[in-house]
Every structure is written in C-alpha cells, then in structure tokens.
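After this come two complexes, each holding subunit A, first together with subunit B and then together with subunit C.
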Partner chain A sequence: MADDFPDMPENGTRLRLARDVLDSQMVDREHRQSGKVDGIVAELRDDGRLVITAVENGLPEAVSRVSPRVGDWIAALGRRWGVRKGEVYRIPFNKVRRTGIEVRIDVDAVATPLLDWEKWLNDHIVRHIPGARW
Partner chain B sequence: MKPGKLLQVALGVLTSIGGFLDVGAIATAADAGASFRFSLLWVVLIGTICVIFLVEMPGRLAAVSKHSYADAVRERFGFQFYIWPILAEFVVDFLVLGAEIGGVCIALQLLTGIAFHWWAIPVALAVWLTAWLGTFDFIENGVALLGLITLAFVAGAIVLHPPWGEVARGFVPAPAPHEPAHYWFTAVSIMGALISPYLLYFYSSGAIEDGWGKQDLTMNRLVAGVGMSFGSLVQMGVLVTAAMVLAPRGIGVDQYGQIALTLVGPFGKWGYYLFAVSLGITCFGACMEQALETGFIVSQALGWNWGQSKRPVDATRFTMAYTLSIAASTVLMVVGIDPLKLTLFSMALTAVMLPLVVTPLLVIMNDKHYLGEHTNGWVTNAVVGLIIGLTFVMAVVAIPLEYLGGG
Partner chain C sequence: MVSAREIHLERLIGCKVYDSEHRCAGAIEEIEAELQDGEWVVVKVLTGPIGMLTRLSSLGVGGWLLGLLGARKSIGGYEIEWRHLDLADPARPRLTCPLGDIG
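And then the complex of A and B:
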C-alpha cells in the first residue's frame, strides 16, 4: 500500500509532519514492523531556519507527549530495568524514505535498538518455551 | 461466487457467530428474558444493526489499507488521543477476559460439581496453549465449528412454542413494563455486550491476518451482515428460552446454574449438559479472541511485529502481551470473584467507554488516505452518527443505572 504513495515531497512542497509522519508505522528496509514514530526532532539553525533532523522512537517520548512527568518516570524505569535503558532512538530524517500511511526507514531494524525488546524476549524467554517454533 | 470463495464466506459467517456470542451476550439476554419476557428483543435488534455497521467498516478499512482500526486511530489521532481508548480497553479486556475464563470454569463446574475457581488455572493454561500453538485460521475455524452448538438455543426457543405474536411485539420499542431502572440497565448491558469495542479491533486485525484485499469487500459485507445476524439469532434464542422457562417460574438470573434451566425446559436433563457445553465452548472461543485482541491492540499501538499466524519466536512481544493478559485475568477467577456479576459489570463499563472507541470511525472511514474510493457513503455516515449519539447516551446512563437497577 505504501508503494501507492509518492516519495517524500521535494524541497518547497508541503509536508504535513503531524499528520503524515508523527505516529506513523515505521517499516525497515526488510519490511519489518519497527515501531511507530513517537517524536520528531527539529533544530533551529543560526540562519533562523527550522530543520527537521530526525524521527524518534521510544515509549518515554510517546508518553511525554501526554504527560512529560509520566514520560520521565517511564524513562527512569527504563534506565533502571529496561532492555533499551530508557533510550529514545533517533533515525536521521534523510533515512526516512517514504511517507503516506507508512514511513519507510532506510535502516536494518535488527541492528538498531528498535528491536531490542523483541530480541531480548526471544533470547531470555520465548525460545525456551516448548512449541515456540512450531 | 466460486466454491472456494463461498466456503470462505461460510466460515467467516460461522466465525462471526462464535465471535458474536460470549458470556456477556448469554448472561444479558437470559437476564432480559427472565425479567421482562420478550419486551427487550428490540434492543437486540437495534444492537445487531449497529454491530453490522461497526464491523463492516473496520473490515473494509483493513481490506483496503492493510491497517487495522487500532493502527489507524493512533496514526490519525495521535498518541495523545489514542492512549485513552487503549487504556480503557485494557481495563475492560482485563475484566471481560476474566469473565470469559469464569464462563468456561462455570461450565466445568456445572459438568463436574467441582467449584469454578479450581478450574481457573487449568482453563487459563488451555487457552494459552491453544494461542501458543494454534494459527489464526485454526483458532478462527475451530471457534466457528464448535460454536455451532449454540444453535441449541434457537432450537430450544422453537421447541418451546413461544407465543409468536408476543415475540413479534417485543421487536417494537416500548417503555418498561415494570422496574424501569432494571429494564434500562438490562437494555444498556445488552448493547454493551453486543457493541463490544473488542469486536472492532479484533475484526480488523483478523481481516489482516486472513490477508483480505479490495477483492474481499463483498465478502466483508456478507460476513458482517449475515454473520452478525446469525449470532444475533442465537442471542434471541437465549432471550426467548429464558422468557419461556425462567420468567413464568419467577426465576431471576443470579447464577449461571439458573440460566442452564433455559435449555432444561425444552430438552430435559440433556438440556443441562447442552447448556454447560454451549457455555464452555462459547466462552473458550471468546477467551481466545479476547486474549489475542489484547495482544493485537498493544502491538498495533506501539508498532510491533504482530500476528497469530506468526510463530511465537517471530512475534515475541505480541505473544508475551497475550500471555500476560491471560495470566492477569486468571487471578480474578482464582480469588473467586463471581463471574456473572463481573460479566454484567464489565458490560456496563463497556458502554461507558464506547464513544471513545466508536467516534474516530467517522473520521477514519472518510479518509481517502486510508480508503481511497471506498470511503463511507452518506447513509453509512448517518448511521454511524446515530450510533455515536446512542453510545454517548449509554455512556452517561450506564453507571447510574448500574446502581439503580443492576442489583
């Protein structure tokens, strides 16, 4: 379905960040579901331009949009006990290939923290339970 | 229609019966029949029409966009909005799954005489093991075929020769004949059991699991329309048998053992076993769907890899989500909470959260990004608008009615 949608708009065309990027499903270059876009990072440059530099993934970031305080608590819990250590992972915006109802990220999610929990649960719990590989 | 497609539709319709009927549908319909004879049949009818529309739309969304309803709500409305329906759904899922596990336990209690709470852990293990080892198709079709036993309620209703004129009058909305608070509480509970939010999330996830595409839109309409009507017929069967067997004897529905009498009337002692087996199978199917749905919504909310057709090692967060949900809900039964009270309370709570779940449909189903040329027409939009209005009214009155008429 995502292939039905055009590539990222060229310079000067309109990009609806909040609608078309934020909260979208991210799919990596191997078509793996790799989380949602939980945040967008922008930098204010010296010349006054606001430049979008990255998209972010991580529960603390998503929750902090509802309540920054609860987001901080979750990040603190993550730092203490979480597999990702409460880290919010950033994907450079130049790796964000397509928009539409999905966002393609030009990365291998397995090599990033995006799938850390998936791997940890597999290594420590799921694969040790009989029948997990039927 | 080609034979293969026809079989697919038939299975889809049968699955809808399994999906439609659960512990809540049986308990609320039995309560309605026992307390008010046929006079709440109109609520089942209105609820069924609502449900047909409410499952057709997420099915269409999934077939066209390959995104589930939960996906679309988060993407379109943002995490700030989505967190509220999802948290509410979490709480309701926790309680309803507990009630469904309780339904299976009660069925086993009726069959063996061993108190229900002793069955909670074995039942939970059986539910988990089926989810762990079974594919989506296996679970879906198994629920569908075993669910056919619930047609016993329709057969029972016919065998009892109800006064059909009075039954027909029950389809016309009317004020409460007596105990208005209890009447309206029961009406809201029936609607809460019918218009279950989990159905929207589950149905769209199931359509993705089954790989539906635009070519399946007719099948989606048939499954939603015929399947839900069939399910509703069974629920009406429960209501009519309760009206014929329980109401004349002044038996209220305080325990599941009393609902069992509905089939003892038409079928004698075999009816008792038939009820227990029907209740057990229906609730087991509902347990599967409720547990998987929890896995679906969490995974879709956070963009994880999900799917019951995937091996547990290939979707670990999804499998852990439903595993934890089964474990948590089982505790409710282990500590001995009354499954029937839990069911009726969960149905009222469902009614409270409905507007949060249903309202986004109006926006998403008109979004060309997702649906292209398959967006809602004005008739469907008008019906959704009416349903949303209805859910707001139900949300406001559910809890006050629970206090006034729930006991």
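And then the complex of A and C:
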C-alpha cells in the first residue's frame, strides 16, 4: 500500500531513535507483526560520520542492553538450544519505511527468521490444540 | 571505502557522558539522526532530563508543568552535537570539548 510505504522523506528530516525506532513493533509488508526493534546498528565512516545501517531483532541483542556479558551467554545458549540458534536478525535500514509506534519494514517476515518462534510454537504446540488454526 | 567500525546505538542509551575534566553532562537519553543524501546520519544526542522528556514526547507539557512550579529553568541536560562526542570507547562516551562550551 502506497500509504504504508511512502517515498523517502526529504533531506534534512530528523528522526529520534529512542522514541521512534528502538523497542517499536515491527510490521512487515503484509502487515504481520514481526518482533520488536532490539538494536540499531551504525557505522562510523572514515569521514567521521556515524551512519545508521540496520535494525536488529533478537533476544541476545535485547539482553545485551542490560549486560553485554549476559547477552553473550544468551547467544551461547541460543546456539545450543534456541529455535533461531542464537541468531540476531539484521534488517538493512533502507528497508525501514516508516517509524513511530510501529516500524514498517519492506520485507516478507515469513521468508526471514523473524517469525521462527511463531512457526515453532505453531508446529509444536498450537496445532495440537483441538480446534486450533494458525 | 567504508570503515568496518560498527556501533550499537541502543547500548549508548543510559551511558553517562563526561568531559575531559570529568564533569558529567548526564546520561544519554535520546539520539537524533538526520537524512543526508539518502543516509540517516547521527547529528545529536540529548542527555539528562531534557533528553528524557524529549524521548517521552513530553518536553512541551513537562516544561509547561515545571514552569508552573517555577522549575522550568532547572531542567537539566544538554543537546550535544555529534562532532563534540568521542566514541572511541562506546561504553564511556566523552566530550571533545569542555562542558561549558556546549551549554
């Protein structure tokens, strides 16, 4: 929908990252809730500019905000037993089309690891509940 | 060419910023980016209560309420331009100038 994916804003547009991006609900191009923004990655360029390159989703990244060491432990546990194998999924920032209460991302979440937990819960639990559909 | 140095911006939130004389400019509460030629570039960080009120979208209302209480001028915090910030150690951001120069 054109309204959901507007054109790139004008040069000079300002964005507040803690308020409008971090911890916001991500919604994919099919309007599926696709997890939250757990991290924002920026790249320090040779010219001194700090350029935002991606948003991240994944429990290790969320926990790392409280304690990087505990985040590493969670990632290690995830690699051993996790559905996503401890992977933090990164979405290029040029796929972020709208920010605010929701962050609209121009990706198909089903084709990414973003919905791996939902798929696992469906396959192992929900589909075994009598009358359940997903 | 692009430098390989990556910084996780979410980990900067809550970090206290000090100047070269160990004076504290407050904890980072908000980070502001600007669209420049198709890329979002960090231009400013906000620290202290002014940063928190901005992050909560309540600087206007909060400032008005504090004004009623006569405490508007006492809202602490700074708006720090990116060029004044040294992130050599992202866990310990530092000012590249004295605190007085950004007030």
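Simple rule for what comes next: the second predicted complex is superposed on the first by the 124 of 134 C-alpha atoms of A that agree within 3 Å, B and C clash if a C-alpha of one lies under 4 Å from a C-alpha of the other, contacts with A are read in each partner's own complex, and residues count from 1 in each chain.
Quick note on the criterion: a contact is a pair of C-beta atoms (placed from the backbone, for glycine too) under 8 Å apart; a residue touches a chain by one contact, two chains touch by 3 or more.
Computed from a predicted model, the values in this text were never measured in an experiment.
Under the clash rule set out above, the superposition-derived model of subunit A with subunit B and subunit C shows the two partners fitting side by side. When both complexes are overlaid on chain A, the residue A:I52 reaches subunit C alone and has no touch with subunit B. In the superposition on chain A, A:A111 makes contact with neither subunit B nor subunit C. Once the two complexes are overlaid on the shared chain, A:A18 sits against subunit B and subunit C alike.
Taking Cα centres throughout, subunit A sits at the apex of an angle toward subunit B and subunit C that amounts to 90 degrees, reported as a multiple of 10. By the touch criterion defined above, A:I101 reaches subunit B but does not reach subunit C. Judged by the touch definition given at the top, the superposed model places A:M26 against subunit B, while subunit C stays out of reach. Once chain A of one complex is fitted onto chain A of the other, the partner contacts of A:V126 are limited to subunit B, with no touch recorded for subunit C. In the superposition on chain A, A:G35 contacts subunit B only, with no contact to subunit C. Superposition on chain A places subunit B within reach of subunit C only down to 5 Å, the least C-alpha distance between them.
Shared contact residues on subunit A (touching subunit B in one structure, subunit C in the other): 18-19, 22, 38, 65. On the side of subunit C, the complex with subunit A involves touching residues 1-3, 5-11, 13, 29-43, 54-57, 82-83, 87.
Listing the residues of subunit B that touch subunit A in their complex gives 65-67, 71, 74-76, 78-80, 82-83, 129, 132-133, 301-306, 311-313, 316-317, 319-320, 369-370. If you check the complex, the residues on subunit A that touch subunit C are 8-19, 22, 38-46, 48-53, 61, 64-65, 68, 93-94. Every residue of subunit A that touches subunit B in the complex is listed here, in rising order: 1, 18-19, 22-26, 32-36, 38, 57, 59, 62-63, 65-66, 100-101, 117-118, 121-122, 125-127, 129, 131-134.
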